[in-house]
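My questions all concern the structure below.
Think of it as A, B, C and D in the order they're written, each chain with its own count starting at 1.
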Amino acid sequence: MCRWIAYSGTPVFLDQVLFRPQHSLIDQSLHSRMGVETTNGDGFGVGWYTPDTTTPAVLRDIGPAWNNRNLQEIALHVRSGVFLAHIRATTGTAVQQSNCHPFRKGRWLWMHNGMINEFPRLRRELALAVDPDLYADIEGSTDSEIMFYLALTFGLDDDPPGAVARMAGLVESTGRAHGVPHPLQMTVALSDGERVWAFRYSSEGRSRSLFFSTKVDALRALHPDATFLQDVSEETRLIVSEPLGDLPGAWNAVPESSYGVVQPGQDVLLPFRPVLPGGSRPA
Amino acid sequence: MCRWIAYSGTPVFLDQVLFRPQHSLIDQSLHSRMGVETTNGDGFGVGWYTPDTTTPAVLRDIGPAWNNRNLQEIALHVRSGVFLAHIRATTGTAVQQSNCHPFRKGRWLWMHNGMINEFPRLRRELALAVDPDLYADIEGSTDSEIMFYLALTFGLDDDPPGAVARMAGLVESTGRAHGVPHPLQMTVALSDGERVWAFRYSSEGRSRSLFFSTKVDALRALHPDATFLQDVSEETRLIVSEPLGDLPGAWNAVPESSYGVVQPGQDVLLPFRPVLPGGSRPA
Amino acid sequence: MCRWIAYSGTPVFLDQVLFRPQHSLIDQSLHSRMGVETTNGDGFGVGWYTPDTTTPAVLRDIGPAWNNRNLQEIALHVRSGVFLAHIRATTGTAVQQSNCHPFRKGRWLWMHNGMINEFPRLRRELALAVDPDLYADIEGSTDSEIMFYLALTFGLDDDPPGAVARMAGLVESTGRAHGVPHPLQMTVALSDGERVWAFRYSSEGRSRSLFFSTKVDALRALHPDATFLQDVSEETRLIVSEPLGDLPGAWNAVPESSYGVVQPGQDVLLPFRPVLPGGSRPA
Amino acid sequence: MCRWIAYSGTPVFLDQVLFRPQHSLIDQSLHSRMGVETTNGDGFGVGWYTPDTTTPAVLRDIGPAWNNRNLQEIALHVRSGVFLAHIRATTGTAVQQSNCHPFRKGRWLWMHNGMINEFPRLRRELALAVDPDLYADIEGSTDSEIMFYLALTFGLDDDPPGAVARMAGLVESTGRAHGVPHPLQMTVALSDGERVWAFRYSSEGRSRSLFFSTKVDALRALHPDATFLQDVSEETRLIVSEPLGDLPGAWNAVPESSYGVVQPGQDVLLPFRPVLPGGSRPA
């Protein structure tokens, strides 16, 4: 169980989004309101894109986000237009840097809230489905990283929603083959630096919460005191697993079994269904 | 704001006291019920005495206690008859090993829950009052460590309650001289391996909670399922900043401005009053 | 490239073996003389057996051994008759606790110096050969841990030398199938708490160094100043990847392609040859 | 004993200076050639200035620099025109973030190689000389941090060389009063983001090494393969405690008892002498 936030829009100092809002992500690391666990202190990570490098930067550490000075330093001194941040509450796997989100491969960042049920029983079979050329790059032991590598295996570069659907389908079918009820629970955010995709899905149709921010002009009207909102473009969007507390009324819940794309031009919100290994979608 | 536990009695594996009880100290690190802060994830420490070494061992680390594997290992494999454990929630000072409790000097262990109000304003003057021969051994930046070094300066080796009273008196008088309201808030536990002293005091007379366990035979009658209680002596005692959840009715609240001594023979509970620098006690 | 030490004999404080000798393991972490790398600062671990617990304790951390205070504390306060200690110099895999040696499973401890050549190319196939019931317990990303799990898969509980020979054979055959020259380089120590096995082997017949200590009475005659030697039994033995500096002339080099067993009664030194998957031994 | 580097010039990715040169600072953390200690693995730090923030950023951690992924990430993604980096080998004080260089106060960064001899005996008296309004901000336990706070006390904002001279004078006189031979050994770098000052001094006139890079056009002629040199201005300078290995012949040793200033316009190199507390300079 974790919490995360994705930002896309006018470049801002990370601090303005991660630390300053009243019920910020960092605050949620100490006491989340909507999470299954109230404390998310088993590591954190932030990944950000800058115009002049081809791959995103990632800062991850194994302690809590709330007392990490390096995170504060970076947040106060780094400006970015697309960034993802995550706070972790382990469901049992080791507290180590390689298990912290976001995960990175090439230009991609990936982070996840949720779990693969009974993952220890499914881990080997899912790992075997990862492209053998990618397998050696798996560094940690989480379900979330395996999900990322499965999506990479299934065509993330060319068709992100399709790759995620095929990943989810494989988890569903593998879980069912092993008699696991409700194999998958996920909200996932991923980005290539240009667009941000966010998925909300669970086998049982009761997925973890996920919210998009409303249009910036509406936010501004609601929150004349949030100074950074004055300076950001109309297209700026936040996607969060739990709303920031100082922006009431500014959040749209993403429906069950949906995914959204924040991108230059019109954002989209579409239904999401896993694609089973044979290519069919589950009934 | 922190939580702590002190154990004195029949040697047991630390795990039986630190991890297994329902609302154990480790559980309190994730969600304390009575603490000012609900999360105590800014470091931890445990110090224990063994018969065949002259100084106690101390294991301290800067991450949360709840996910620390080395702590689990030690707790499962080390047996001790006198040990102190502490989980930290910083009030602003750095999260570093040298700020984690218990602090050790020679055969002494010291741990503290509470604070010196407006410590940054008082820090220099209090540090100057530390015995110059001890000053260089101060490694961290907390009020708690300064309190320990002041008690060492004021005769801890010979008269523990007197040394703590003089320490508290100096904090009171220094605070008042600087116009600090309610300078001191503390529950303190200390040990020399033979006895354990625990103090409850605050300037305003509203001290943090502190509890002694009742007699073991009463505990056993209440909790036939707590197996380790079957094997411990009648003299075994726990002193805690917050009761362990699976031992309801087994705890005596320590009165305001009091201290207790757990020792071979009769334990004692006595009033505590700071001794001001001139030697008088405050009105 | 790493360094390690295994101790079997009269229970001593770990400190006497790990820290006090002149060219101790901890000293080797700063400047090894015989290692491929002179600095071994990418994590460390120590595992020890005690009479009253069924599984060994393991303390591991990701920083250097030479400055780790918790290691010093444990070494000064824990006494054991069988313990293994390891200092790590990563060959590329992540610096994380789950990649630190010794690895533990049940009553077994395992540590390794050396490498599987081109491990990223072989990792997946070797991981697939691990017993599916054990696969989910793999936490790290090292070749060393996979070697341990392969040995567990191949019967470590019943026949340690045979299991290690089958593990080595699988690495040899898998490596050769992928065109990897000299797939395996290893010195390995393992223990079940009763006995300690140590293996020296490499595909090219130029294995990393490995030494057994000579008989204790010879050591005593050479080193009247090493006080702890006065108190240990005749059967006490040290196995090391690099001799401790203050015991010159007291070490026997283990021959190429050999393994030794330190045990109650007569120790043994025998030839070691990998057993290929079909059951044959390589030419 | 430590190693450090200061950069001033055309903004570059930190990686180009910290990691890529053949005998880079990071390489020196594993095996320094000129240092008293060959391994500098007790923490590290880097501080950098950017045009759009008023205070520099600082990233510090307690493990070795050579295996720290967050440092690599920052180095690959952050560009700066003035930055200071430091690798630490403790002389006994705790390995903790607050003891890692560079230290920061307001717009100032400070880092130090060397030591105050017998610092434990002098620590209290030197700490008392720190401006009481600054004392509470001291977080660590090193001589280096006290030296910084003394320089701040003695007018660093207005007269950096004078403040450092008065700091050095106080250390000299305090040391002598306590019978400490050769109280001070230092190379110090400091910056306000506009200029970089570097000092070389020791009581006995045998100071740790210190080098300035020669003019960039000379460097370019010597090293046509160092691509980043092609893009930096003529004014770009490096100041290092040990030359980078791939730039032979490109370094000028700073003379004993001297300091240099790298600044817009003409750099300067001047003699340095401590100023004793009464205002005089020592004979």
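One rule holds for everything that comes next: a residue touches a chain if its C-beta (ideal position, glycine included) is under 8 Å from a C-beta of that chain, and two chains touch if they have at least 3 such contacts.
What you are looking at is a predicted structure, and each value in this text was computed from that prediction instead of being measured.
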{"item": "Shortest chain-hopping distance from chain B out to chain C", "value": "1"}
{"item": "Chain copies touching (chain A, chain D) - same or different residues, decided at half shared", "value": "same"}
{"item": "Distance from the mean Cα position of chain B to that of chain A, given in whole angstrom", "value": "41"}
{"item": "Touching two or more other chains - residue numbers and ranges from chain D", "value": "97"}
{"item": "Touching residues on chain B, where the partner in the complex is chain C", "value": "48, 50, 52-53, 57-61, 69-70, 73-74, 76-79, 97"}
{"item": "Complex interface listing, chain A residues touching chain B", "value": "30-31, 38-39, 41-42, 62-64, 66-67, 90, 95"}
{"item": "Residues of chain A defined as touching chain C within the complex", "value": "93-94, 96-98, 119-121, 123-124, 127-128, 132, 135-141"}
